[in-house]
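One chain, chain A, links the two complexes that follow: it is found with chain B in the first and with chain C in the second.
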Partner chain A sequence: MLELKSITKHEHGQAHVEGVSLSLEPGKMHILLGPTLSGKTTLLRLMAGLDRPTSGEIIMDGQAVTGVPVRKRNVAMVYQQFVNYPSLSVYENIASPLRVRGAARRYIRKKVEGAADVLGIKEFFRRRPSELSGGQQQRVALARALVKEASLVLLDEPLANLDYKLREELRTELPRIFKGSGAVIVYATSEPREAMLIGDSVTCLHEGRIASTGTARALYDRPNTLVTAKIMSDPPLNTIRIEKKGAVLELGGDRRLHIGAHMETLADGPYEIGLRAHHLGISASASNGIEAVVATTEVTGSETMVHAEFMGTRWVSLLHGVHALNAGDKISLNPDADRLFVFDETGALVATPAS
Partner chain B sequence: MNASRKKFHAKYFAPTLYIIFLMTPIYWLLTMSLKTNQEILSTFSLWPENLTLANYIVIFTDASWYSGYINSMIYVSMNTVISVLAALPAAYAFSRHRFLGDKHIFFWLLTNRMAPPAVFALPFFQLYSSIGLFDTHIAVALAHTLFNIPLAIWILEGFMSGVPREIDETAYIDGYSFPKFFVKIFMPLIASGIGVAAFFCFMFSWVELLIARTLTSVAAKPIAAVMTRTVSASGLDWGVLAAAGILTILPGALVIWFVRHHIARGFALGRV
Partner chain C sequence: MQKTHDHKALWLVAPALLLVAFTAVIPLMTVVNYSVQDTFGNNQFFWVGAEWYREILRSDRFHAAFLRQIAFSATILAIEIPLGLAIALSMPKKGLGVSVCLVLMALPLLIPWNVVGTIWQIFARVDIGLLGHTLNGLGIDFNYTQNAGAAWATLIIMDVWHWTSLVVLLCYAGLVAIPPAYYQAARIDGASRWAVFRYIELPKMSRVLLIAVLLRFMDSFMIYTEPFVVTGGGPGNATTFLSVDLVKMAIGQFDLGPAAAMSVIYFLIVILVSWAFYTIMTREDFEPSGGAR
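Now for the complex of A and B:
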């Protein structure tokens, strides 16, 4: 059990992490989710003991470890860049934490072979890390974290520098590999997809503060704030300020939308609405949707992402299949009104679509 | 065929000429060392007419000659070891830590090398005489560290900064203590840097004449001093001097051979 108590980290007068309190129980995948510079890496480094918090307390299994240097803690960490010891063989790389501890030869052999089996790198034992591909190098780093049997495993965007195929592969393996160890596992990522796929509990970070915590599913279905909704959405959440008047939402100009069923009890007034890209339909003719102009389209094969602009706002629509649209085409956006998230002036969620 | 031949000539003409210019004095030294004094003084010959190894035999049998080599070897090795050992932790501090005035001190290190050695000859002579270090090997070795430690720090810092900091951190996470990490993980990663730094220390100390000569008289007299002072009753012993010159070049050439792949990076002070 790892507890952070109002941790703050300032560097050169700038707050990198501000008042973060968390308690993470063992045997689960805890995701730190947030865009770059949201403080994920800083927080991981504080948890590891590589940096000291400016203020606050870190408690591991009931013991305060705030000032304890990293080598005295039982921690394993995997970086985004594949960090291995270039001068050691793969076998020695994996064995390194056990060797330092002075473990018996046979024990080391057994452990290293076990970890290498799990990660499928057994045939590379005698090679140097530089002779391996990126994915294999990261597997070596993961294996080293695995053999240590640390009570705290920190994974800092371990898949971000891998190619797509490998990422998919390792993403499904990772929880299986580490969950059985009974360690507290913290996984930092900027992709909500990863959080949804492997996370048991998710902590959304925004500018060094915790925006929300919960299960990935709950945060996705019912983001308590606009910030959380944005962090949990990829492609980015479509937002716009509106004025609710009875059964109509006024977007400005003469563009308006009919309210969804979940908004009927909502008082009239100004709100900000959020809509995920796959709930935004597009039609070519000027039907009763929002008139907009296509800015760019990205066709991935099975899906098409259409970026459209209206009144200085850019929205994204995610469509199935290939849609031939050119920049400058006039289209009409058809938001699914029943899927709208509504946030009040403070950014708090006030109307949630039925899930 | 003809055209390609012509091209070949044009391409290699300049470098060939350059190497000839460069090698002429060394070749001349070599032929001299293999000639008799009489041949050197009386005739002009491009190669030795009466090939002789007598000059080399003189050096290897006469104690006043070979002890010069031994003395030089001793203080040069001492200096290289001291310089590299002192520079390693200093370079690590400059490469990994930020502290008050670090950039100024780092630059000031290099300015040390801008003063001519002659400036330091007098104070060293007086200081070492008064504390009884005069005419010892360690005296010369220590005096040379004044120039070699800053250089070694600059070279090593460049190599060290090429090693990602995450490797240090990973080692600490794995449980390495700092000394253990430094020796087991870090030093192998900058092995070529250590080699290059040692080479530069070696070379400087080996060719430096002024301080070495000022601080020694008999017991630690370096080979360069022996060479420049050897005038026998019958005048200069040309052949033996030339042989000594050849033997002085050899160690440097040997060391260059060992670090030849990294030497360019060394001249760039490890920064590539």
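Now for the complex of A and C:
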């Protein structure tokens, strides 16, 4: 059990992490989710003991470890870059944390072979990291973290530098690899997709503060704030300020929408609405949606992403199949009103679509 | 595939070819030409084959100069590489100190060779030089015009002062290119400072170290200006290195044939030793090329 109590980290007068309190149980995949510079890496470094927090307390299994240097803690960390000792063989790389500890030769052999089995890299024992592919190099780094039997395993965007296929492959394996170890596992990522797929619990970070905590599904279905909704949405959340008047939402100009069923009890007034890209339909111009102009389209084959602009706002629509649209085409955007998230002026969620 | 016959490409290569021809190939061939002929003046040359080569390779004078040259290069490499590495490792990695250190380090490199020679020639003089006068004042017999050891010491200290900076700058460039994640990982592993150096920094710097060794070897093996200015090859022949000897032979004695043969041999030695260094240092146990990994 790792507990952070109102951790703050200032560097050169700037707050990198501000008042973060968390409690992380062993055997679960804890995701730190947030865009770059949201404080994920700083938080991981603090958890590892690489840096000291400016204020606050870190408690590991009931013991305060705030000032304890990293070498006296039992921590393993895997990075976005593939970090291995360049001049050592794969076997020696995996064995290195045990060698530092002065473990017996036979014990090391057993541990290294075990870890290599789990990660499927046994055949590369005699090679050097530079002779392996990126995915294999990262497997070596993961094996090194695994043999250490650390009580805290920190994974800092470990899949970000891998190509798509390898990422998918390792992503499904990661929970299996580390969950059995009984360690507290923290996984930092900027992709909500990864959080949804492997996270048991998710902590959304925004500008060094915790925006929300919960299961990935709960945060996805009911993001408590606009910030959380944005962090949990990929493609980016479509947002716009509106004025609710009875059963109508005024977007400005003469563009308006009819409210969804879940918004009937909402008082009239100014709000900000959020809509996920796959709930935004598109039809030919002059039908009764929001008039917009296509900025770009990205066709992936099974899906098409259409970026459209109206009144200086850019929205994204995610459609099935291939849609032939050119930049400059006039279209009509059809939001699914029953899918609108409504946030008040402070950014708090006030109306949630049924999930 | 259809081959296109277009001679435009030739014009694009021509400037480079011409330049190389005039700066390297033609002078080199002239030297080779001299090395296989003899002359009694009047621009009349006749063929002597490998005669000059045999003479040079058998001459004690060449052997002595060659050994002195090897000893000099070996000594300055043995000092400059570890010293440069040590200085690079102890330099700050960020902040204002970086620029200050880099500028200080680059200063000696900006001074022309003959000026460096003159500086040290005066600096080490017994009568007016700060170094020479002080040492003699302390009761140490230091006179580079009379004492071979003192002459060597002066040249070596001068070369170390002049060129260690280059090694430092190269090593430093290699060091700062190592991603911080490596150091973090080592800290988390609990690796010692020595292990960080041996297993992270040294392998990651192998490329720049190779370049440093090659540059320093080639430069020191061909050193001419500084010994010429400081000691003139003396006392006796104590600091007559290959290049100094070569110039004596070619210009002092005007023995064009033997001097040309010696030049060619000299040239081949530099290439051979550089190739040997390169081959040894790029063997398996050194990491090939950098990049993010």
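Brief remarks follow.
The rule is simple: the second predicted complex is superposed on the first by the 354 of 355 C-alpha atoms of A that agree within 3 Å, B and C clash if a C-alpha of one lies under 4 Å from a C-alpha of the other, contacts with A are read in each partner's own complex, and residues count from 1 in each chain.
As a working rule, contacts are C-beta pairs under 8 Å (C-beta built on N, C-alpha and C of every residue); 3 or more make two chains touch, one makes a residue touch a chain.
Because the structure is a prediction, the values reported are computed rather than measured.
When both complexes are overlaid on chain A, chain B and chain C end up clashing with each other. Counting the residues of chain A that each partner touches, chain B and chain C differ, and the larger count belongs to C.
Once the two complexes are overlaid on the shared chain, A:246 sits clear of chain B and of chain C alike. Contacts of A:81 after superposition: both chain B and chain C are touched. Contact with chain C, but none with chain B, is seen for A:137 once the two complexes are overlaid on the shared chain.
Once the two complexes are laid over each other on the shared chain, residue contacts for A:129 go to chain C alone; chain B is not touched. For the superposition on chain A, the stretches of chain C under consideration are 7-15, 43-51, 223-231 or 241-249; the one running into chain B is 241-249. Common to the chain B and chain C contact sets on chain A are residues 48, 50, 70-71, 75-77, 79, 81, 83-88, 96-97, 100-101, 144. Chain C meets chain A in the complex at residues 179, 181-182, 184-185, 187-191, 195, 199-200, 202-204, 285-289, 292-293. Of all residues in chain A, those touching chain B in their complex are 48, 50, 69-71, 75-77, 79, 81, 83-88, 96-97, 100-101, 144, 148. Touching chain C in their complex are the following residues of chain A: 45, 48, 50, 70-71, 75-77, 79-88, 96-97, 100-101, 128-130, 137, 144, 161. Residues 164, 166-167, 169-177, 180, 185, 188-189 of chain B are the ones that touch chain A when the two sit in their complex.
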